[in-house]
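All remarks here apply to the structure that follows.
We call the chains A, B and C, going by the order they appear; numbering starts again at 1 in every chain.
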Amino acid sequence: MNSVGNIGRALPRAGRALPWALVTPALGWTLLFFVLPFTAMGLSSLTAHDGGGFTASNYSEFFTNPSYWQAMVNSLEVTAIVTVVSVLLAYPFAWILAEQVPERWQRLALMLAVLPFWTSYVVRSYSWLLVLAQNGVINRALTGIGVVAEPLQLANTRFATVTGFVHFFVMLLTLTIFANLKQLSPSYRKAAADLGAGPVRTFLHVVLPLTLPGIMVGAFLTFVLCIGDYITPQILGGNNELLMPQLVMMQIGRRGDFPLASALSIILMAVVTIAYLACARWLKIERA
Amino acid sequence: MTAPLVDIDSVSHRFGQQTVLKNVSLKIEPGSYTILLGPSGSGKTTLLSILGGFVTPSEGKVFIRGVDCTSVPPAKRPTTTVFQDYALFPHMSVGSNVGFGLRMQGVDGATRAARAREALALVGLASSFDKKPHQLSGGQRQRVALARALVIEPAVLLLDEPLGALDLKLRRQMQDELKAIQKRVGTAFIHVTHDQEEAMALADHCVVMNDGRIEDEGPPERVYARPATRFSATFMGESTILAGTVTEASDRTSTVATPVGPVSLPSALPQGSAVGLAIRPEHLVLGAAGGGVRLGSAEVSDVVFQGSFKRVLAVSVEDPSLQFIARLPASAAVQPGDTVAVSCDTDQIILLTD
Amino acid sequence: MRRIVRIASWLYALAVYGFIFLPVVVLVLFSLQATSFPIPPFTGPSLRWYDAVLSDTRLTSALLNSLLVASISSLAAVALGFLSAWGFARFVLPGSGLLRGLITLPLTVSYLIIGMGLLVLFNWAGVPKSLLAAGIGHVVINLPLCFAIIYSQMGDHQINIERAARDLGAPEWKVLLLITVPVMAPAIFAGFFLSMTFSWDEFVISFLLTRFDTTLPVEIWNLLRSGLNPKTNAVGSLVFAVSIVLVVLFELTLLRRRKA
């Protein structure tokens, strides 16, 4: 495991000063612009908007005001739907790219599959607005062939938000699951086949369980990025239903209420931390 | 004579432009321990993959128990493979790994567990049933892989460089164990290696391969003592090789002219043909009290102490391009720079005609 | 059976490709619209909206701002990340695990919260909103990334190469310049490239921390307030094209490196 021990790392001529000189700038930056702001936010969340001493009113407001609660429930629901749908769409796709596409086309196929990843984040959501708008491509197509008489309300709905998110995370998860499938040593599959398993049972007993840790990591990443995103729900969901990041931005934008925004941010972060702790044992599965 | 267990009939295989197996035929007897020995690129691993069903040969046929298995998939043929990297499923316990093949056959859980335990006991790992593969050492994983392959009672067990990942000491220890397990279960083992010591220690039947062909095959004692080709004389142990031409020939003896003088041999050879004379290091005599065939004199260039013996390199005085490789007792008093007479016994000379 | 799996695979892959490309195709197609609404029917092709984008000084200056913030913040992030990775990989420091955890911590926090924290802090400290403030935020998000990439690539193999150089008499700064940096170049490059892309595309931190001079994503956001507009399509298509060129260049350099 650790073939270079402590003796190997110790340097004969370097004094104590050099290593600290190397790591201090990065540590300092993190302390000054990450830990300190976070502390400031924590302190701010304990003050009232209109001044005065310390108070827990921002937190109690979250727990007592049903519209704030609702934002958290919405966020969790949307994130859960997005995570599940994205994994279910991406796994078969990644599997096809890794197993059905001929080896020499795989790199190209994968590059194509994640190409829209490189559009600007704001622009990607806007593009979905074009597609889903009242008189956008989909509604024109549907009314054109007479499936529906009146254009459907697609934009400014939860459906639009989920679609925008799923689009992004299918690409992300395809990348991670594809990498997972390719990393599997071919001898696992050979061994399973050798011991009498057909393609279906090889997949169910060997390939799927071995890629599960990778899927969990991808799903967790999806959860974290999705629950903290402001752009997609703001552009595609409109203000019909609020998600947590929208609620936070609203406190800053409309009311300049930094303390409440801080408290809501901290609550959001706490939820992510709880989610992390809940799946921590899945995120670190040991491998032989 | 009974039918062979495995009959490889004129198999050739190409990867793209490259021919890796050239018209190979081989028969394997039931209960034998066969070693495919050769350098990397000799085609030995491809031959094993063809036996295991992972590769379908470009030409030729493979019969197992008299049945044509040439294009039967791995799952449906009576072989199992112990992979070089063991390929133990990391998400399953040792017991589930060993029971996997039985599970695929639809054997019920209780029987499966009992038979997996039996197989683990066979390889001395009965207590590791509930462990995960990553909790085991390299040697233990190797044994689990062996148990997993043996538990479904294959007709032939294929081992792809099974000891390659182990350190030297463990490798020698596992050799003895492999041999003992093979004797106990009586399954035919076919084992690929590039380590000639491993080959000599394990094989009942040793197959030396080079460049996609079988150079030599037979019991290891025979292959070592009377190698059929120049390649096998130098790959399976070391040899000093004298190049020569047959100058005189009768129906019982021949005389071969070599750079270090004429050598007579007790065999009939066509006059004028080029031959090689190979002598094993332990058969070369350095110094006065020599054997029957004089091979001129040589200057000792290097003496390497190897514990139980000394390996001596000496350059022929008559032909400086010829280097003698000799093995002397550890007590021998020989120094670099010494000039010594070289000789050997007639019946220790191996005649190579390729 | 095998045939059915193949055909089903093809159909499924085509459907997913369709889903992935639908918005991009619509975006680019209607950026060529001749009329004022980026909705069917298609009236182009026309380049008038590209013209409008390139003559809009707010957008072009936002583009330059974005490039400036991305390149400077990425350089800072990769420099800090490399030095600290080198320090932690080569020396035994007390509390190393904890300190490394601290440096990578921002990776687990969403951009919104990092932006919020800096906003609250700068507000208290009286630091005005500016591109510099946004750049500081971008270093905060990219530093842990650069650190993680470079640290993970500093394996035992590299340690031995450096040790060999020291053994042959190279002083510490020469080891750094002649051995470590060249050997680690692919990881350093990857860190820089990823930082560039993330900074280039970052919205919420820039949105919170800038005011008048701002970055391209924020400017595009402002454009969105006017509703569906082919000009937004045009600027989005341009950004997409630039990113594709960068990605292809990145792939090519990486491939060439691998072949060498």
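The criterion applied here is as follows: a residue touches a chain if its C-beta (ideal position, glycine included) is under 8 Å from a C-beta of that chain, and two chains touch if they have at least 3 such contacts.
Note that the coordinates shown come from a computational prediction; the quantities given were computed from them, not determined experimentally.
Taken together, chain B and chain C share the touching chains A. With every chain reduced to the mean of its CA atoms, the largest distance from chain A is reached by B.
For chain pairs A-B and A-C, the one joined by more C-beta pairs in contact is A-C. Each chain gets a centre from the mean of its Cα atoms; for chain A and chain B, those two points are 55 Å apart. We define each chain's centre as the mean of its Cα atoms; on that basis chain A and chain C are separated by 16 Å. Across the interface of their complex, chain A is touched by residues 5-6, 9, 12-13, 16-17, 19-24, 26-27, 30, 38-40, 80-81, 83-84, 86-88, 90-93, 99, 102-103, 105-106, 108-114, 116-121, 123-124, 136-137, 139-140, 143-144, 147, 156, 159-160, 163, 166, 172, 197, 201, 203-204, 208, 216-217, 220-221, 224, 228, 232-233, 235-236, 239-240, 243-244, 246-247, 251 of chain C. Put simply, chain B touches chain A in their complex at residues 52-54, 73-75, 79-81, 83-85, 87-91, 100-101, 104-105, 132-134, 141, 148-149, 152. Residue ranges on chain A touching chain B, taken from their complex, read 185, 187-188, 190-198, 201, 205-206, 209-210, 212, 285-288. Note for the complex: chain A touches chain C at residues 3-4, 6, 8-14, 18-23, 25-27, 29-31, 33-38, 40-41, 44, 89, 92-93, 96-97, 100-101, 111-113, 115-116, 118-124, 126-131, 133, 135-137, 140, 167, 170-171, 224-225, 227-231, 235, 245, 248-249, 252, 258, 261-262, 265, 268-269, 272, 276.
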